[in-house]
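Take a look at the structures listed below.
Each of the two complexes below includes chain A, the first together with chain B, the second together with chain C.
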Partner chain A sequence: MTSVIAAAWQIARKDLRVEARSRELIYTTIFFAFSCVLIFAFAFVREGQPIPNASAGILWITIAFSGTLALGRTFERERQSETLRALLLAPVERVAVYLGKLLALLVLLFAVEALIVPIIGLLFDAPLGRAPLLLLALLVSGTIGFGSVGTLFAAMLVRAQSRDVLLPVILYPIVVPVFIGGVQGTSAIFADEPALAMAQTWLAILIFFDAVFVTLALWTFGPVMTE
Partner chain B sequence: MSSNSRFVPAALGLALVMFAAAPFVINTAPYESTMGLVQRIFYFHFPAAMSLFAAAFTCGIASLIYLRTRSARADQIAVAGAELAVVFGIIVLTTGPLWARKTWGIWWDWDAKLTSTLVMWLIFSSYLLLRRFGGPGSEMLSAAVGFFGMMLVPFVYVSVNFWRTLHPKTSVVPNLPAPMLVPALWCLTAFLLLFISLLLLRARLEASRSDLDRVALALED
Partner chain C sequence: MMPDVAGDFTVVQVRDVTRHYGRRRALSRVSLECRAGSILGLLGPNGAGKSTLLGILSTLLRPTSGTVLYGERTAHEGGDGLRAAIGVLGHDLFLYADLTARENLTFFARLYGVADAGRITTALERAGLADRADDRVGAFSRGLRQRLGLERALIHQPRLVLLDEPFTGLDDDSTARLTARLASLREAGAIVVVATHDFETADGLVDRAACLANGRLVPVAEGRGRLRERYRAAIGSAVP
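This part shows the complex of A and B:
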């Protein structure tokens, strides 16, 4: 067990180091997320005022879109330099490869969220300070749910044709519960009459989803990634 | 295969006879007091929905078996299940709104049953898209989609149910009065027979196709 975690940590560190040196993903993903927010501003701001309760939806759609972009790129990088085979040949458990990839992706997505959430708060009058810990917990659990399923399918699609189109086509229907939970929980916090108990229930549903789908992904990754 | 080849025509023939008789059987049912004639959509809507679930679970379980054992037979059944899930899904998603327009006054509502049916239909459509455009090796990938799709259904259902609900409860069917229950079960049997025979036919087609591929490859060598 400790060897799996150590190997996963090595793989995540490798990914993060590649990223720290090129800064390709972080720059492009943040810029893309910001462009998304800008398009939403044109759609959901009327006469200088944002439409009520739009901010929760905008937040989660931005996470979904920029997350898909980042997912596609992380594995595209392995494919271009033909290192995925080497990674799979490494004498570690398949599970460690999955966990390492997931960890690196989560660090990246959290970094993007750390920047984009305050921007959305600023541009759409979202009361971020109302229940900051609960909001943080919703963001973390939602991102883990999205990332865990996304990492599995992005890894699978590396060798498929038309993978760029197929990733969102497959991923979005499967992560529907994450987005229902995330959007509903966040808008319960942002509403004019905040319903924090409601947001906590959604958080519980998200955590439950994470637990089940991380387990399933861990279990599926091995057979799927075997040639 | 040989027991299959006798069972399939028999089941298909019986299903066709039952479908031909279905309008007469449905006609024996009394008019529902508030909905009147439109309620008769139910006799096709409900069996199609049950067939959709049967197809989705067949695909999910066959995918799970394929992931574990890599049995070609499981994969063929999974493809057949996914295709039938999409077909029955189209029937459910057309009859549903037609009925809803007349009784609820709206075409669509984001209710638990409606939303989870739509999501399920999307997942199995994406299964077929992956299968068709994924290129070589997409059997394994689509098996993961089929398996995740099946595991997801309760999650979507619970989360949307928690969000809002309008659709009648599932307890409606067992509590139907006998004159309505008989046509409902009649149509359910017809749909399930159709489902099973199409499933076996489609799986056999997939098997023949892979046999043909193998023969063609052997010939080239």
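This part shows the complex of A and C:
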């Protein structure tokens, strides 16, 4: 029998290979994220000057919207040929399926963020180089928090008829603390008078949320996927 | 030489199994037994509960009441080890259209802990896809996908093989190939359960037939006459 980590890696690798072939998710997510940023740029930049402290909120809204788009499509693929059933039938712990899907989603979202963050820095004059490691840690922990809950809910809704509508409706209220932490931490870095200690506090809170969300998701994924 | 099959049980017993979907009853107190080295044909009209029963046998669905025993163990007691001994070919073929035939087989082989790469080559040859191993499955016809789906389901040499409408979309040659494959599984000691509407193909292949109507098991006369006639008689007796 395959171990949890090995099985999760196989599933993530399979997802990334499928994505590398179709490039469906990466193109649509990047296009959507880029469109969001562009619309915000038209709305919040006046005469070349961005509204102060807007960039942190714009960054996290873009991550939330584009991440939701990616989440829905990730499980839509498994639904099309009922391959999710094949994964659940395999002699691996159900959490391996969850971890594999989460890992592939995170790779995709990190790739999108790697493109979007510099664009936001450019358009909104955000000081990305002020505390790059802290900003990176906030992005990574916030994305893990969002992805961990999102992957669980997307899997739960895979057979629901109105899954595209339901996913954000049930996901956003749960992940609000992650986005508050992400926005506050990033704002503290981008502010005219940066408060890096405050950003570190928000990072610690985000890591705490990640621990709680990942633990709960690992605990509940098996039972909720059993019909 | 026939491959051995994995799994330490030689009999599957369905005992008084009932399954509800909300208020709708899909199966009602179904009891049957399948033994190693035999093929059970699961017959019945659409919506009779065949796929639900296969879902329960595959451990994917839980019965609302009743038990399924794999040897001495229930699905819960068997856990991952039991799932490693079950191979399922659903009506949907559980294949990734963006992966090649070889990649699909390799992925599932690894999930089932099959380390022998030669088994993938053998499976591709059995499916008649050796020359198209590196083509994407999305480009295959239904028949080719069906053949690949069967080999995917058998890549780990399961003891219990569950097939839902495996003859759908197959031409005569592919049907004959699949029939021979199922016969070889029987000789290798597998327990094969086939849900089908294809009576002509199933006739002579299945050792025993079980018929479901409205979620209930109705008796099918053993060994006398053609399967279609026996099925009609069984369904006729079930309709009030």
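Just so it is clear, the second predicted complex is superposed on the first by the 225 of 227 C-alpha atoms of A that agree within 3 Å, B and C clash if a C-alpha of one lies under 4 Å from a C-alpha of the other, contacts with A are read in each partner's own complex, and residues count from 1 in each chain.
What we mean here is this: contacts are C-beta pairs under 8 Å (C-beta built on N, C-alpha and C of every residue); 3 or more make two chains touch, one makes a residue touch a chain.
Quick caveat: nothing in here was measured; it's all calculated off a predicted structure.
When the shared chain is aligned, chain C comes close enough to touch A:A86, but chain B does not. Of the two partner chains, neither chain B nor chain C is touched by A:V95. In the superposed model, A:A111 makes contact with neither chain B nor chain C.
Look at A:I26: by the touch rule set out above, it reaches neither chain B nor chain C.
Once the two complexes are overlaid on the shared chain, A:I5 sits clear of chain B and of chain C alike. By the touch criterion stated above, A:I205 is placed in contact with chain B alone, chain C being left untouched.
Using the contact criterion defined above for the overlaid structures, shared-chain residue A:F153 touches chain B, although it does not reach chain C. Listing the residues of chain A that touch chain B in their complex gives 149, 152-153, 156-157, 159-162, 165-166, 169-170, 173-174, 176-177, 180-181, 184, 201, 205, 209, 212-213, 216, 220, 223-224.
The touching residues of chain B, counted against chain A in their complex, run 67-68, 119, 122-123, 126, 129-130, 133-135, 137-138, 140-141, 143-145, 147-149, 151-152, 155-156, 158-160, 162-163. Of all the residues in chain A, the ones that touch chain C in their complex are 1-2, 6-7, 10-11, 14, 17-18, 21-22, 77, 80-83, 85-93, 226-227.
For chain C in complex with chain A, the touching residues are 55, 58-62, 80-84, 86, 88, 90, 92-99, 103, 107-108, 110-113, 136, 152.
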